[in-house]
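In the two assemblies presented below, subunit A is common to both, partnered first by subunit B and then by subunit C.
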Partner chain A sequence: MFRFIFGRLAVLIPTFLGVSIIAFSFIRLLPGDPVMLMSGERVMSPERHTQIMHQLGLDRPMYVQYFDYLTGLLTGDFGSSIVTKRPVLDDFLQLFPATLELALCAIIVAMVLGIPAGVFAAVKRGTWFDQSIMGVALVGYSMPIFWWGLLLIIFFSGYLGWTPVSGRISAMYFFPPVTGFMLIDSLLSGQTGAFKSAATYLILPTVVLSTIPLAVIARQTRSAMLEVLGEDYVRTARAKGLSPFRVIGVHALRNAMIPVITTIGLQVGVLLAGAILTESIFSWPGIGKWMVDSVFKRDYAVVQGGLMLIAGVIMIVNLVVDLLYGWINPRIRH
Partner chain B sequence: MSIVQNTAETKTGGTPPSGLSEFWYYFSRNKGAVIGLFVFLFILFMAIFAPFVAPHSPSIQNRELLLLPPVFQQGGSWGHILGTDAVGRDILSRIIYGARFSLFIGLVVVTLSVVSGVLIGLVAGYFRGKVDTFIMRIMDIILAFPSLLLALVLVAVLGPGLLNAMIAISLVNQPHFVRLTRAAVMTEKSKDYVVGSKVAGAGTLRLMFLTILPNCLAPLIVQATLAFSAAILDAAALGFLGMGAQPPTPEWGTMLAEAREFIQRAWWVVTFPGLAILITVLAINLMGDGLRDALDPKLKRS
Partner chain C sequence: MSLLEVKNLTVEFQTASGPFRAVDGVSLKVDEGEVLAIVGESGSGKSVSMLAAMGLLPWTAKVTADVLTFNGRDMRTMSDAERRKIIGKDIAMIFQEPIASLNPCFTVGYQIEEVLRIHTDLSRRARRERAIELFQSVGIPNPEERLGHFPHQMSGGQCQRVMIATALACNPKLLIADEPTTALDVTIQKQILDLLMKLQAEHGMGLIIITHDMGVVAETADRVIVQYKGRQIEEADVLSLFSAPKSVYTKALLAALPENATGERLPTITEKLTDAEIFAGAMR
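After this line comes the complex of A and B, so read on.
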């Protein structure tokens, strides 16, 4: 197991270096001068230009600059925003819980609904039940989620007036963030109605963000179950006279879950990409909206730092999924 | 029915069914796939003949008919079946012209990512060793970013616009083809027919492109279909975020972005372009499912 862990970590190092090279070169590939971009000044005398170049160390050779950048990364320096001058890492840590809360809720909804839907569809294969579930799943899989979000806003927020349109909680409530998760913080604050308010703000973004993972998980569970249900050990379990619930729920599902877990792990990137759109539609103050806003504000230092941090999160999650997978399924360790 | 009879005859006749008729036999058993194919052909027809099919020009603004509702709602008229947008352009016509952009984007992105992905994957899977490790590490790096974020940042570097959006989406799509080709080449390479061909004196290029590649095509075709629909979605998403096709281009995502501020007043401005994206993507995905059924030998027996 230790060899497996070290092997995985060793693969991660070149990926990390590559990602850092991309983030490093991004700001230098942009049209225009990095000094103009970073200082935000439009007109500048040539003397001042050279002075800032020197100040920022941009007149040194490229490899020295990269090495500098890399040392910065390893000591937690991801640069500072051009607009607010705040360190990128601080902003990221402040906004990340909002995205994490939304993503966790979405993946939980997707699993709680998607796995049983897939199992039932596989067991009732070929019936109208199977066909309608798979039809709905295919529509969900094909959904342009930014449009889906707008439709939900038109209907539930505009027409029915049930849910708010944007933000995380009503402005009526104010309490210090403890965990950064609005659902938990609102409960901890003890204010009546705060939790309900946070939940109503969360519900539409969660539905939107969970749509594609839900469809993918339901489809994957169904096909994994179909494969397993044809196996000899399932037939043996049936022949032993076990209840259908035990056969499907224990003998079949446990083996069918291995590819499903891989699929769920792969949804992390999908969730973060989806968060960019979902957060933009619902003005959800998370890292997705932060990145889009920074691209539009031309705050490229934030884009650079954010790219690195988001890729870092994905790499760590993939590593954890890989390790979990090796732990569940010892065969792949070799 | 005629196809079923056809295969029955060929069985008794002794000649094997041609690849195409066998393919159509399995494809047509999937009802959804056939529906998807017809819907796709319909959209393709609309896109090609847009100037003849569309009732109005997609860019002419009718100042007297701003935000006209669709025909089935009170105040609508048959002149503008799906209503007009905030500057009085006919929505139906814009959607018909928009099909051109979406299908074109899908085609270009799939071509770019398939050609580059298959070439790189073929090299990695055939030569293995250091070349393979190097290529796969680079693919890992691309896959470490959420695809839409990477595309967004690439477009920010290259400048917003349709062409740059297509390049960016091709680049983030391409690692899937590299991985798939590499895996398929690795399984095929050790098989007897490849070894036999090598012993018979076939050169490296011949082995790569004429011996191995044709036997790896099935999963690639399925993936290409999925990439086609994913490209349409990603391009629409970039358009929606303001980084894809620029207004007044009648691209569906860009239309949605323009319509966003009117969602409370005029639901049709938002609803129809999105519905067009959904229907197109759904039709392609239905076809993809049918292709997988027809091309995947593992599923054929079940």
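After this line comes the complex of A and C, so read on.
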């Protein structure tokens, strides 16, 4: 087991290097530079531009800047924002809980609805129930997130007025962050109505962000279940006189979960990528919105640092999924 | 009263090209302590008829029978919940592929104790003891340790022993063994058959062995039913079947056994007989 974990950790090193090169170079491929964008509408003299570029060290050769950046990373220094001068890591840690809260809610919704939907569709294969679930899943999977988010806002926020349009909690409530998770902090604050407010602000972003993972999980669960339901051990379970619930929910599902867990792990990357769009639509103050804003400002340090940190999170999640995979599938463990 | 009585059992599957009749008018009786062999080629409906009797076929199958009773109780009118109280407890079944028949995600101990949990009131500790006892009775060494193993850590023969132990957990009155030795090595086949016969004699249960192996029939059965393409061709006690087969099909089947071969090539059934001739010679 330790060898397995160690092996997985060793793979992280080249992956990390690769991500650092991509993160460093891609943002620099975009036209424009941070200094020009900082000056905004005002015209900046070429001399002044060169001077600031020099101050920021952006006029040095690319490889010098990269190795400078890389040595910083090795000491845990992700650099500071060119615009706000704040350390990237501080901003990330402050904003990440908002993204994590949204992503967790989305993946929970996707699993809680997607797995049973897939199981029922497989059990009722070929019926109108199966076909409608899979039809809805296909639509969900094909839905452009930004458009879907806008539709929901127009209908639920604009037309029905049920949910707020953007933000994390009503401006009526204020409390210092403890965990960074608004749902938990609102409960801890003890202010009446704060939790409900935080929850209503969370609904639409969660729906939007969970749509694609929900569709993927439902479809994957269905196909995995269909395969497993034809297996001999399912017949054995039925021949033991077990209830359909035990046959399907314990014997079949446990086996069907093996590919589904992998899919869920892969969806974490999709969630964080989706968070960028979702957070922009709902002005959700998380890392997605932070990254998009930084790209527009060509804030090199934030974009590359943020990408590294997001990549780190995805790598950790994948590691956890691999370990979970070994736990659920004894053939890997032994 | 017979333990299991089936009259005129018919099973149809709905397929894309219309209904397909897999079992056509099969009738049989098994008493306690009796060994019945159902023999036939692949696709003769041997397994399907037994799965139908146990109610284990998928919903695409349409099962009808004039009589389908177990221990005097009508299985046709029983609710699913009532049927589940009988199968696994009073009627148990073991299958052809022992490794595939065990769930790869659970230890064999969990899988055997599960039957006891569903069908008995035994405590956790008593279930454990019973599982150890069952493993010992089917000849699995180090039962305490083996209970914690997963199916992929055991050989095919060991897995079939686990399946047999699981089937016997609640002392069933009837055991249906669906090709129990087909997937095993020849030496292991013999061990498993001997074990089955020993346990059958000890428990005095009814045993239905589904097989295509005439050697297995000769070694185990009291009575034999020969099936072909879903229909019953012949029923006889084992001695008369081998000494004086009545139907042309059974004669051809026996002539096709490798041990009866005289020439270079084994005789095959279909090159000698048409379906019409086979069914005409069948007792109906």
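Just so we're on the same page, the second predicted complex is superposed on the first by the 283 of 334 C-alpha atoms of A that agree within 3 Å, B and C clash if a C-alpha of one lies under 4 Å from a C-alpha of the other, contacts with A are read in each partner's own complex, and residues count from 1 in each chain.
In the analysis below, a residue touches a chain if its C-beta (ideal position, glycine included) is under 8 Å from a C-beta of that chain, and two chains touch if they have at least 3 such contacts.
These numbers were taken from a predicted model, which means no experiment stands behind them.
Undergrad: Assess the superposed three-chain arrangement around subunit A: do subunit B and subunit C clash, or do they fit?
TA: Fit.
Undergrad: Of the two partners subunit B and subunit C, indicate the one touching more residues belonging to subunit A.
TA: The larger set of subunit A residues in touch belongs to B.
Undergrad: In the overlaid three-chain picture, which partner chain does A:330 touch, first (subunit B) or second (subunit C), both, or neither?
TA: Only subunit C is touched by A:330; subunit B is not.
Undergrad: Looking at the overlay, what does A:100 touch: subunit B (first), subunit C (second), both, or neither?
TA: Neither partner.
Undergrad: Output check: A:143 vs subunit B and subunit C. Expected answer is one of first, second, both, neither. What do you get?
TA: In the superposed model, A:143 contacts subunit B only, not subunit C.
Undergrad: For A:255, using the defined touch cut-off, is the partner it touches subunit B, subunit C, both, or neither? Pick first, second, both or neither.
TA: Once the two structures are laid over each other on A, A:255 reaches subunit C alone.
Undergrad: Would you sort A:277 into first (subunit B), second (subunit C), both or neither based on which partner it touches?
TA: The answer is first: A:277 touches subunit B but not subunit C.
Undergrad: Name the contact category of A:18: first (subunit B only), second (subunit C only), both, or neither.
TA: first
Undergrad: Considering the aligned complexes, could you tell me the closest Cα pair distance between subunit B and subunit C in angstrom?
TA: Superposition on chain A places subunit B and subunit C at a least C-alpha distance of 10 Å.
Undergrad: Residues of subunit A that sit at the subunit B interface in one complex and at the subunit C interface in the other, please.
TA: none
Undergrad: Contact residues on subunit C for subunit A in the complex?
TA: 51, 54, 56, 83-89, 92-93, 95, 97, 100-107, 114-115, 118-119, 150, 152-153, 163, 166
Undergrad: Give the list of subunit A residues in touch with subunit B in this complex.
TA: Against subunit B, the touching part of subunit A is residues 11, 14-15, 18-19, 22, 26, 29-31, 135, 138-139, 141-144, 146-148, 150-151, 153-154, 158, 226, 230, 269-270, 272-273, 276-277, 280, 291-292, 295-296, 303, 307, 310-311, 314-315, 318.
Undergrad: What does subunit B use to touch subunit A in their complex?
TA: Result: residues 32, 137-138, 140-141, 143-149, 152-153, 156-157, 159, 229, 233, 236-237, 240-243, 253, 256, 260, 263-264, 267, 270-271, 273-274, 277-278, 281-282, 285-286, 289, 302 of subunit B touch subunit A.
Undergrad: Please output the residues of subunit A touching subunit C within their complex, sorted ascending.
TA: For this pair, the touching residues of subunit A are 231-233, 235-243, 251, 254-255, 328-331, 334.
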